[in-house]
Every structure is written in structure tokens, then in C-alpha cells.
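Chain naming follows the written order as A, B and C, and within any one chain the residues start at number 1.
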Amino acid sequence: MTPLELEIEQVKSELVSMWMLVQSQLNKAKEAITLYDKDVAHEVLVKEKRVNSFELKIDRDCENVFALYCPVAVDLRFLLAALKINTNLERIGDIASGIAQYVVDSPANFDMAAMESTGLLRMYDEAINILADTRIAFENEDTVLARSIFKRDDVLDDINDNSPNTVAEVIKKDAGLLPEALYILSIIRKLERVGDQSKNIAEEIIFYVEAKILKHAKSSGKLTEED
Amino acid sequence: MENTIVKAENYNAWFGDNHVVKDVNISINRNEVIAVMGPSGCGKTTFLRGINRMHELIPGATAKGKILLDSQNVLDMNVIYVRAKIGMVFQRPNPFPNLSIYENVVAGYLLNGIKVSKADKDVIVEKSLTSSALWNEVKDSLHKKGTFLSGGQQQRLCIARAIAMEPELILFDEPTSALDPISTSSVEALFHELKTKYTLIIVTHNMQQAARVSDRTAFFYMGELVEFDDTKQMFTAPADQRTQNYITGRFS
Amino acid sequence: MNLSNAGYRNSKSILFQSVIVFFAFLITIPLIIVLLYIIEKGVLQVNWHFLTNVPKPVGEKGGGIVNALVGSAIMVGVASVMALPIGILAGIYLSENSKSKLAYYSGLCVDILQGVPSIVIGIVIYYWVVLTIGYSGLAGSVALGIMMLPIVIRSTEQTLRLLPPSLKEAALSLGVPYHRVILKVIVPCGFAGILSGIMLSIARIIGETAPLLFTALGNSFLSTNLLKPMESLPHVIYYYATSPYDDWHDLAWGASFILLMFVLLLNIITKVITRKWKIQL
């Protein structure tokens, strides 16, 4: 491997690590909601700092590769994509800590039935899955999987679009749940953003991978792709 | 197209049995800067020397196909005319060591025995040296030998020598590979200015240089013209796997 | 790396260097002795009278070597006129076509010619020229010219071969035809080298005696007729040095001194040319 390839591998593996961290942040925030566990929520808030420092580190690494190696073609596209994916992941990290903050702020636990009826839990699981699948698409440079993200984001959008009604239902049933219902609405809004960010990431993956396998050569040269 | 200045049609070149340039078709527009890239030995120099008929000077070298300059086949033209219309600048600066700066600029006239009056020569020298961004540096030492200049200045002197013949097209064969970074950037800066008057074809191994100075880039591989496209396109999303492997430094 | 015996290696290296320096110094000693000896013996003989008079018969005081000076000058001049154009053109051919068969064989011939003993060249010219036109300055010139050839050819060839090919390319890329490239670029750029080759070849032949013995013969009178026998410096030395008379020995020493000074001067000029006129590439 050339030094440039090593650098790019390094950026890639850092991105994957950050991705794992962000996924676990989302998972933990969900645990905090469902179990109304303020300790877990605090843990998420603390770990948000690690997400931020990951972002800075990846930014700096990309910067260095640009300055030192003047990457072109697939390398250039990868690094541009990496920068944007980095930003998107950081946002998702913010969202996870925002959700955890609700748990810290909320005076009482969230009503399980309300979370079911509004579709929050289903939405949460799907958001986590989508994020995980974009990561797999990224690691395997799998544009088919990346394209499937767009469809799956529609599910999140549906739940989000219906949320005014479903939340209103909850409030109508029991006016005492009003504060909780508003938290639920806010969380749904945030999860919708997770879907959008994942969609952006999927677009970046397609941008970086797809221009790479190109309208393949007429005559196959002796240059072969190194994997 | 009216705007086309040089066009190669099924151009092939051989050294003996060695088929070095294979069926190249390329069409280059007026006032364009074309970068030619490719691994060593892929035939870039040979192709370039085919354009101004330097290829035929090598014993055993043959060529087939057409090189059209303003829709006329260069093979049917007078060699002096062809090489005046198509200037060439080499890898190492090669001013004539026995001639002064002044004489070097008008060497194309002197050596060909073309009579030019002193007044006309003065004009040609000043104009050419101005165009090659060298006038201010050498105007007080025109009658010193050209070899006392720095590498970058010598290379610009060689460019002035080509410009003096009023070319339409200037060929550069790795023009900065023997120069230090400062001299290199002085020559590169010149490309941008020359572009307004001339068409430039630049063979370069320096990827960044190709990216910086050219409008379109041609990638040669094993004698074939693999890809010819906008430079921006080539450096972000090349169409051919071989191009990509070359520009990203991934050879198997 | 094991540095334990570095001191030993160091001293070995110093010893080796000293040996080299010693021998380099040693070889200058014979040269200096010869020079000093000739100068001591010869310098006193040289005066205006010596340079402007022909030798006197035995017994008479005085006499000079003007016949030899003039004869040498004429023969070297004529030899140069004959040999230089051929030599330079052949040298150009060899440097330009180093890969051709003809170049290989003519290069070989040049090397063999260089190795032919000068007396053999003298005999050949005796058969070729002297037997038809008789002993003459012309015959001597031909012999000297043949001796010049290999030096001029080789030095021209080597000088031109050292010129970077980019120089020729520069001219060709301006549309300059081949013969003009050679005459206007290649030869002028290699001029200093060619000139120093010429100087060296003159320095070489001016001292040749053997090829002149059967050709120019020698002449104790001042003669400028190319078709008549002619005197030359080396011959005058040979002739007077082998004579039994002390007066003539003195004459020989004086002529040796002049010859030595001339060769020395040519060598110095050559050095100056190559240094001063050397084209900066």
C-alpha cells in the first residue's frame, strides 16, 4: 500500500470507530428513555465530548492528507465524502445527547403506552438500523445498500408527519401526560433528523464510490484495481 | 470544427518494429492548454515529436496516419515552416551556448539563414522576450551568453526562441522537470499568459502541474490514448480505470 | 560496525595516500631534470644571430637554424592544410554516426594509424611520393599530415560527442537543416575542443624526425621550395647531435631548446584555450 492509501485507511477506520460510538450513543439514549435511567443519560452527555473530539481529529487528518498528498480522483472523492460524513455523524451525536438531555430534564418517566402509540419506539429502532446500515454500506462501499436508505427514511418521515395527530391523541386521552407528550414530539422530530443525516451520508457514499467504477475501459489494460 | 488547430487522425508511430504510438485520434482547439500524462515509455514524447516531424529524424523511425495543422497534413508541408509554426521546448533548457541571449532569440532566423534587418530583429527580440516574461530580467545583458542565466530563465529563453518564429502551437516536453520549484513556477505562470496567444501541449510527469495549468488532459498508456477529457473531470472522476490507477499512484 | 580497529584502518589509509603522493612527485623529477638540462645547455646558444642564419660549415664559428625553423613551419603548415579538413570532417562523421558499420571500421583504422610507428609512415611515403617527385618538403608534409590525422579525428570526435544531444534537437526543432546544424551549431560549440586537438597534433608532429628522414631529407640552406629537400627542427637536432663537432653539438642544443619551448608553448596555449573558451553548457 502506498502511504496515501495507508492514510486513507486510517481516516476510514477512524470514521467507522466514530460511527460505532455515535450508534452506541443513540442506543444508550434510547435505553435512558425507556428505562428512565438518568445515569445512562448522564453517561451519554459525557461521551458527547468524545464524539466531538473524534470529529476534530478526523477533520485534522483529512486536512493533512490534502496538504501532504494532493489526492486526486477516488482518493479526493473519498476525503471530501469523509469530511461531510464526519459532520453528519457529529450532528447525530448531538441529537443523541439532546435526547439524553430530555431524560435528565424530565421530572417523570415516559409513559410506555404513549411511546408505543406514537410510534416513537418503532421509529427509534428504525433510525438506529438505518444508521448501522449506512455504516455497513460505507465499510463495504455498497451503493445498493446505500440507495436502500432513501426508501427506509420514508418510514421515519411518515411517523414524523403523523406525529401531531398521534401526540394529540395521547393528550386527549390523558391531559396529565401533556409535558411527556411534548417531550415525545420533540424526540420524534429529532429522530427525523437522524434519518435525514443518514440519507446525506448515503449520498456521500454513492458520490465517492460510484464515480469510481466508471464506464469501464474498452480494452482491459494491465493496470488492475488493487483492493 | 473551425476552432480546431491540430488534429491527429489514426496516428501511429514505430521505432523499427516497436509500435510506440497506436491509433491516436485527438483534436485540439486553439488557445487551449493540453496536458499529456502517462507512465514513462508510453509514447508521449514520440507522439509530441510526431506533431512537428521530429520523429522522422531518428533512423528507423516510421509513422502512419495524419497530423493536421489547420486542416493541412504536416507531412506535406515544408519542414522549416512546420517547425516554425509548431515550436518545441525541451526537458532541459538548451539555449545555444555559443550565442548571446539576443542571438538565441532569433536563432531560428540566424541558423536557417533567413535574412532579417537589424531593426526587425530588435523588434522580434523585444517582443519575444516580453512574451516569455524575460525582457525585464535580461534587457541590459542581451549580448551576454544565454548560458549564464538561471535554469528557469534559460527555459524562458528557449520559449522566447520558439515564440520568435511566430508559432501557432508550442510543444513542451517535460519543460520543468529539470528546474527547481521557483523556476518551475516562473515557467508555469508563463503558461497562463501564453495561452491567450498560442495553443500549448505540455507533456508532464507532475500531476499537480497538469492539474494547475491545463484545460484538458490526455492520458497515454502503452502507446494508446486512453482518455482525453476536461482536466477537472480527469482529476475528480476519471472515466477509465487505468487513468485512475495512474493518477492516484496505484500501479499493480 | 566494529570500530575497534578504526585507528589501524586510518593509518593504512594515510600510508596509501602518502605512497600515491610520493610517486606522483617522483614522476615529475625526470621531467624537471630533462627540462633543466636542455635549458642550461640550450639557452646560451639562442640569440638573434642563431635564429636568422643558416648553419656555417665545420670550423666556422656561429651559424644558426633559420633553415630548420622555416622548413618546419612550412611543412607543419602544409601538413595542417591537408590534414585538418579531412580530420575534422572524419571526426564529425564518427561522432554523428557512432553506430554505423563504416564508423566502426574507420574508427578502427584511425586507432591502427595512431599506433603505426612514425618510421613506417616515412617509408610508405618514400615509396608513394619520394619515388615520384623526389625528396621534398611536400613529401615531408604528407608524412606529417598522416601523423596528424588520427589525433585530429579522435579529438574532434570526442569533443563533439560530449556535446549534449539536446543542442542538436534545439536547432532541429527550429527547422534548421542537418548540414547547417553541424556547421552553425555543433562545430562552433565544439570549437575549443577541436582547436586544442589541433594544437596537440601540431605539438606531436613538430618533434617527429623519423618520417622526415626519407622524405624531406634535410637541407643546410634556406629553402622555401616545397618540391626541394627541406630542413626541419628535429632533423637538425638529429643531424648535428650525431656529428663529431662541438660547434654543431651546440647548434643541436639550441635547436632542442627552441623545439622544447615551442612544444611547451603549444601545450600551454591548449590549456588556456580549453579553460578560457570552454563553452558553458
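The rule we apply is simple: a residue touches a chain if its C-beta (ideal position, glycine included) is under 8 Å from a C-beta of that chain, and two chains touch if they have at least 3 such contacts.
What you see is a predicted model; the values in this text were computed from it and never measured.
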item: Central subunit by CA centre of mass proxy; value: B
item: Longest centre-to-centre distance from chain C, chain (CA-based); value: A
item: Inter-chain centre distance, chain B versus chain C - centres from mean C-alpha coordinates, in Å; value: 46
item: Between chain A and chain B, centroid-to-centroid distance (C-alpha), Å; value: 51
item: Where chain A and chain C are represented by their mean Cα positions, the distance between them in whole Å; value: 90
item: Interface residues, chain B side, partner chain A - complex; value: 207-208, 211, 221-222, 224, 226, 234-252
item: Of chain A, residues touching chain B in the complex; value: 2, 4-5, 70-77, 211-212, 214-217, 219, 221-226
item: Touching residues on chain C, where the partner in the complex is chain B; value: 164, 166-167, 169-177, 180-181, 184-185, 188-189, 191, 279-281
item: Complex interface listing, chain B residues touching chain C; value: 52, 54, 57, 79-84, 87-88, 90-92, 94-98, 107-108, 110-113, 145, 147-148, 158, 161-162, 165
